[in-house]
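One chain, chain A, links the two complexes that follow: it is found with chain B in the first and with chain C in the second.
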Partner chain A sequence: MLIGLILFPLIFSLMIFILPKNLTKYATIFYSVFSLSWMGMVVKNISSWTNPFFTENYVFSSNLPSSLLLVLDGISLIPILLTQLLIALILWMLLANQKEDKSTYSLIALMHFGLNGVFLCADALGFYIFWEVTLIPIYFICAIWGEGKRMPITLKFFLYTFIGSLCMLVSFLYLYQIQPEGGNFSIANIFNVDMSATARFLVALGIFIGLAVKIPIFGFHNWQADTYTSAPFYGSMLLAGIMLKMGLYGMYRWLSPVFAGPLCCDLQWYIIILCIIGVVYGAIIAITQTDLKRILAFSSFSHVGLIAAGIMTFSHSGWQGGLLQMFVHGLNIVGLFYIVNLIEQKYGSRDLNKLGGIATQNKWLAIYGMILVLGTTALPLTNGFPGEFLLLKSMFEYQFLTALFAGTTIIWCAVYMLRLYQKVFFGEESKLVLSGDSSLSSIEHFILIIFVLGVLVLGIFPQLILGLSESTVLNYLTQK
Partner chain B sequence: MSVIIVILLTAILVLFLHIFEGRQWVNPLAILGLSLSFIILCLENNSLWGDYSSMIYMTQFAKVFTGTAIIFTILVFFINQSRLKLEEDTNNGDKLGLVLFSLCGAILLFTFTNITMLFLGIEILSIPLYVIASSSKHDLHSNEAGLKYFLMGSFATSIILFGMALIFGATNSLDIMTISEYFSQAEISKMAALGAFFVGIGFFFKVAAIPFHFWTPDVYEGTPSIWATYFATVVKIASFGAFFRLYILLGNVDNSPLYKVLVLIIILTVVVGTLTALVQENAKRMIAYSSIVNSGFLLMFFLNPSSDILSYFGLFILGYGLATIGIFSAIVYLESIGNSNGFEGFDGLGRSQPLFSLGVAICLLSLAGIPLTVGFLGKFYLLMSLSFDQWWMILLVIASSIISIVYYFRIFNGMYFSNKKASAIVAPEVVSPYLNFVVGFCALSLIIIGLFPDFYLNIFQ
Partner chain C sequence: MEKYFYLVILFPLIGFLVNGLLGSKMKGTTPGLIGTVAVFIPFLIALGVFFNYGHESQPILQNYFPWINIFDFQANFSILIDPLSLQMTLIITGIGSLIHLYSIGYMHDDEGFARFFSYLNLFIFSMLLLVLGSNLLILFIGWEGVGLCSYLLIGFWYKNEDYGYAARKAFVMNRIGDLGLIAGIVLLWSYFKTIEFQAMAIHAANVDMSDPVIIIATLCLFIGAIGKSAQIPLYTWLPDAMAGPTPVSALIHAATMVTAGIYLLVRAHFLFDLAPSVLNLVSYVGIATSIFAAIIALRQNDIKKVLAYSTVSQLGLMFVALGVGAYTTAMFHVTTHAFFKALLFLGAGSVIHALHGEQDIRNMGGLKNEIKSTYWVFLIGTLAICGIFPLSGMFSKDEILTVLFEKSKGLWALSLFSSLLTAVYMFRLLFLTFFGTYRDDEHKKSKIHESPMVMMAPLWVLAILSVFGGILNLPHLIGGESYGKMAHFLDPIFSHSKLATEHMDAGLEIGLMALVVGLVVIIGFVLYNIYVKKESLPKPDMSLRGVEALVANKFGVDELYDTVISKPVLGISRFFGQKVESAFDGISGFFFVAGFKSIGNSLRKIQNGNVEFYLILMTGSIVVLMILQFLIKI
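Up next, the complex of A and B:
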């Protein structure tokens, strides 16, 4: 069952090279529909909603103290759902853009393979391997199809994440080595050890650095804006929509079990402070930017800071809100990146000062854009609201002062998002907009409607997502 | 023993075939002979080869290393075959013969049980190589490489010999078991300690650990690339195989006089090697420094020797060797179409030869230690073998791995992401099928063994 989620992307990514070029399109459509329906089947087969839904174990090597242990529970179900949905959407966007390069589809499928592995694997070594595997396709995507000074930027991104993940690997190795004879890397064993407070602190720090670079948390974020800007649009989507969730997911699964003891309590406080600084800092920078992609990059940085802070409170509302917001943020940011891509494609620029008045030319794009912007600013009855509410609630329960600063996120977000919207869609039509092509094809409508439906439906029924993880989160938190 | 005999016979046949009009058959014959010896090796039982005064002993470790060395040599000969298509080489038979002779020396280094055999092995391995290094007669660099390799190599050998003499003086035996027993005592004489120290220094020369590494980049650069492949892989394996056995046998690791020197040299090798590799402008020199850094990693396995370590050590060296052969075949290809050895020679290779460069890319990723390759597993096992008391060693591995990304990816980036119109794009020469085979073989085995290491690791048991 679960192994299918890992195997099919890998098979597709190799197969697409063999297939003749004119079949690429059909193969991609088949693949995206197939992976969605396979996911649907997995969800349908869940019989009891208690932890965990499915466990599968495949032993690869008797010499490695590790196996391919796949676990699906409430916490992994949400990012897995998000991954399947977004990958399918991104593939459709590429098809809508008439992108014909086989290797793009192959790399995205390889990415899909790595991401599914990260979210499913409950073995520390396997997790690390999948974590690194995702780095290769994104490196290629950014370096081949990127723009601007892409080489140094991509290398910087690669080095940042590689340094972070090696820190994580050392922590895992330590956790393995202090086990008594016959231990292994599975999640049940690796955290079931006695450590001194200092060791615990160092291990937690190592894992945190690995995750923090990916998220990114303030202080580890230097690569982010440049990479998002120079990457092609689907690269930014993969980075902001899904890869970033790897870090957040890692906090639930791999960071929270080591957190105990006084030193870790301090660490928790510092991490939350960093997250909150990121929330405010990202928002302020976003306000001053004029490149649409950079605004989205910093807005994403700011939003994710709040999610990470909520998770780090280890409270019920923080965890549930974090999971919901992970899903919602993925959906919204990818939708917004798509709109930016459409604007760039049709009008030839993504500079705020060169755009304006799109609403009069292309009213559908303006409507879709409005709904997504409102979703991101967490207006009640849009999908951003419930998650943000839960996260802020958890912040209040943790400490008033942090909540005070974190709470400003809604104001900041409204400022930069509405500024963006106003400058792009309203006002005098700029030269570029007048000369551009202002029509949307039916497939573009179709893709955008999916995002808009996501904003509205999840805004009214957040329980659709929250219900999936409820029992698992309760279970996890009572164990802690 | 039949393995060595078959290889020797092949070498002699090759030499003769070369004299009589059979030049085009020389290379296939050498490959055939090596394949035969590999099959014989697989069928052979582990036994004391008693006919030779119990001086050589085929252990399982020796068997795996011998097999690896034979396979690497076959791959080198395949690369050589690609060259023969392009140019007339009247001395090919001599070169192949010499390489085969030196391979016999390598096998002795895996199997010796007597330090006389060790010395013989080193000499048989090295002397043909001094000739091979300068085999490009009219190239000044090749001559320089040959002379340098000869001087450095003979110094190293004589230092080893001096150390052996001291050990013999202290233990009154040449048999490795007796010596090992002596070294496992709590107190050993100063003479023996000094002997072990000198043998160690000699081997540090041979495996190119810093500060005894100065010959490596020059020799790799000056030697014709095909034979530099042999230097970087088979010779490395042979020296390390012998050194590792010797180090384990000299026993009593904590008291070992070599231990402190070893730690110092590892740190120097990894730090200086990594930093120097970073500033190289020539792909062959970069590979030379990368091989020095890998020597440092391999020396780290010596710190905590145990029975499991042998197989991990083998896995690491296998990953290193396969990846290096893959990259060297790219260099050979680039030289054949007239590109320079600088990094810019690789520019645009990904577009002109997509499949070939995919293989090279996998080799680079493996060297850099990216998961799903043997290179990752090797580094993983290396980290596992270090205990957390040696945390500074772990830090060293991590830091070096990170920096190594930068210099391996210079080739990688040039191949795939360069916009420059380099000559690799202009010259659409096809890659010889032999080179394609070698790169494909290396890349596939790196991935397959990287996914299923049991294939390889279980042979050691």
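Up next, the complex of A and C:
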């Protein structure tokens, strides 16, 4: 079952190179539908919601301390669902844009392979390998199809994440090395060790740095805005929609167990502080940016900080809110990047000062945009609210004043998001908008409607996502 | 009847969807009719439930589905039908229907006709959720929902950048209050482990007075109320909100949405009763806002701005009443205020419609002969808000003043002052608009026309309500056996309340009433003398000096906020975005570029091609590794 989620993307990625060019389109459609239905089958086969739902272990050699151990429980189910959904949507967007390069599709499938591996693999070494695999396709996507000063920017991104990952690897190796004879990298064993408070602190720090760069947390974020801006739209989507969820997911699975024992200093508190500095810092920067993609980059930075802070409270509402918000943020940010991409395609710019009045020219794009903007601003009955409320709740219960500081995000977000909307869609039509092409094809409508439905349905029924992880999270936190 | 109550919420939602999705394809006034019917049917249903609802009836809780349901937080999607929510529902759908009907005439040639009605329906839907929600989180859905509709409707003419700015200002200032509300909800959850109003009320009976958590929580709720009901310091968005079409000002920014803050405090009265210090703060903020806004209204020349500041001022009075625990009195004023302020705004709309968009009262005058019908309804509205016997405003205001006279003479004197200011700016507005002679050019005068029937009919209904609204809650003195109907209806809600109001001496009550009415009449005559007999006009803005200029400029609060908040935030944003980010760039650049270069340079020297050196390095390394191995084992 689970191995299919890892194998099929890999097979497709190789196959696309062999197939003739004119079949790429059909192969991609087949692949996206197939992977979605495979996911549907996996979910349908979940018989009991006590964890884990599925465990599969593939041993390559009994001499290795590591095996391909795949686990699906409530915590991995949500990012896995998100990945299948977004990869399919991104592939459809590329088809709608008539992108012809075979290698793009192949690289995205390779990315898909790595992402599914990261979210499923419960073996520290395997997790690390999948983690690094995802870096290869995204590097090429940004470096080949990016814009502006893409080479130095991509190199910066690569170095940041790679150095972060190495810190994480060192922590894992140390954890393995201090185990008694016959130990291995499986998640059950690797954290089951005695450590001094100092060693525990250093291990936690190493893992945290690896995750913090990906998320990114304040202080580790310098690569983000540049990379999002210069990457092609599907690169930004992969980065913001799914890749940063790797870091958040890692906090649940690989960072929180380290905190089970005593640490030599209050790392939890320092991490939360960094997270919420990012929340406010990112939001404030977003207020004066003029490049649509940069605004989304800083907005994403701000929102993700709140998710990370909520997770770090190790409370039930923080964890549940975090999982819900991971899903929702992925959906909304990809939807917004798609709208930015459509605007850039149709009107030739994504500069706020050159746009305006699109609502008069393209009513439906304005409506879809409004709904996604409201989702991001966390208006109740849109998908952004339940998660943000639960995260804020966990923060308020953790420390009231800190939470009040982080909570200002709902004000800042309204400021920059409504400014963005005003400058792009309202006002008099700008020259570019008047001369642009203001139609939407039916496939564009179709893709946008999926996002809009996601915003509304999950806003009214957040239980659809919360219910998936409830028992897992409850188990996980009561065991600790 | 009660089991169909969900239709009350559903109809406006359907109206919103139909008009929003299909409205642009419909012809003529169809979207307007759909929108009006979608609000009028809920009104009829609510009316039916109201007549079934006796004094002994139990509140009805209707549970639809669990909205958020996790281990340490639960909120159901459910509504609570009790006297308070029923009364608010009647106001919202009743006045809402009238304003929808009026809008068919007012907006008839606007290209966004269908869009306008879809937004209005969405507003009614949100507002109903706000008042009907059985817990704080459903209330919060409505709370933010009305904020959104207010944003959409203020910026309805979206091509105008200034309107867009006013709309964003309203939304952002509301959001500041909303953060307080969220904090309050979380605190109350942690304290009671429920946010259902009924359950909290039961638990609250066992809580000590001035419990610190309750104090902070009620303070947070009050911050939310300040944002929504435009009190100091978050009031500046309301006057700017007048950028929206006039029916919006009447419905959202006078009759319903801005009273949400009052509703919240009344709904959560069992908490506020436990926090006397917060209640004191409520009355201080209320009285300060009431006087401050009334003073500003004295010098405004835009017909809608005067009414906007008047609304802020009246809301302030309601908060004063809440602050002394006179909850039914505040609700009474909410109701009568909804009647006469909606009337005044729609009347102003009729004036603006007649003058083809003119809003400056310096360019009006003498209109009572041109648009007679509008003049009469506006006159009724003015007399009602000023508190002339026996119109509705007199009864509700008199009740507030009577209660205050008992509780605190200081607050009574200040509120009396504020009520007299009301009379001053309202008579000034009335005389400058309708009396004297027309001051703009003759060409425009010939084009003045009375509004159509579809606009005048709702105005007359509201005028009748403004006249007779006082019957809803007559004082004992006048009503005899049928006194205080509204208070009796609302009574079950406050049965736990520890601060009930008693009756006072009849002679004193008559004296107070006569004093207020007498003073208002005197003010009326004095202003008639100034503005009609002597025909003195407001001076042009340029010639104002000193205090007058300060008042005309709204005490410069907007400019103050701009200098103290907006500009610094933008400055910080640029500082972070440019300076701090490039500092981060510098640091990472140093590590990645300079760092690697220097490491590379120093390591290059090892690679010197000397085999002997390589051998030494190799053996040396092995020795070091062995020593390390040895040390680690121990």
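One rule holds for everything that comes next: the second predicted complex is superposed on the first by the 472 of 480 C-alpha atoms of A that agree within 3 Å, B and C clash if a C-alpha of one lies under 4 Å from a C-alpha of the other, contacts with A are read in each partner's own complex, and residues count from 1 in each chain.
Everything that follows uses one rule, which is that a contact is a pair of C-beta atoms (placed from the backbone, for glycine too) under 8 Å apart; a residue touches a chain by one contact, two chains touch by 3 or more.
Because the structure is predicted, anything quoted here is derived from the model rather than measured.
With chain A as the common reference for superposition, the partners chain B and chain C occupy clashing space.
Shared-chain residue A:A260: touches no atom of chain B or chain C. When the two structures are aligned on the shared chain, A:L19 is found in touch with neither chain B nor chain C. Of the two partner chains placed around the shared chain by superposition, chain C is the only one that A:L390 touches, whereas chain B remains out of contact. In the overlay built on the shared chain, the residue A:L456 is in contact with neither chain B nor chain C. Comparing chain C and chain B on the residues of chain A they touch gives the larger count to C.
Of the two partner chains placed by superposition, A:L10 touches none, neither chain B nor chain C. When the shared chain is aligned, no partner comes close enough to touch A:L432: not chain B, not chain C.
In the superposition on chain A, contact is made by A:A143 with chain B only, not with chain C.
By the touch criterion stated above, A:L159 is placed in contact with chain B and with chain C alike. Shared contact residues of chain A with chain B and chain C: 155, 159.
Per the touch definition, chain C reaches chain A in the complex via residues 24, 65-73, 137, 140-141, 144-145, 148, 151, 155, 158-159, 161, 164-165, 168, 171-172, 175-176, 178-179, 182-183, 186-187, 189-190, 569-570, 572-574, 576-577, 581, 584-585, 587-588, 592.
For chain A in complex with chain B, the touching residues are 60-64, 125, 128-129, 132-133, 135-136, 140, 143-144, 150-151, 155, 158-159, 162-163, 166-167, 169-170, 173-174, 176-178.
Against chain C, in their complex, chain A makes its touches with residues 155-156, 159-160, 221-223, 225, 281, 284-289, 315-317, 320, 357, 359-360, 363, 374, 379-381, 386, 389-390, 392-393, 396-397, 400, 403-404, 407-408, 410-411, 414-415, 418-419, 422, 425-428, 460-463, 466, 470, 473-474. Across the complex, chain B meets chain A through its residues 311, 365, 370-372, 376, 380, 383-384, 387-388, 394, 398, 401-402, 405-406, 409, 413, 416-417, 451-454, 457-458.
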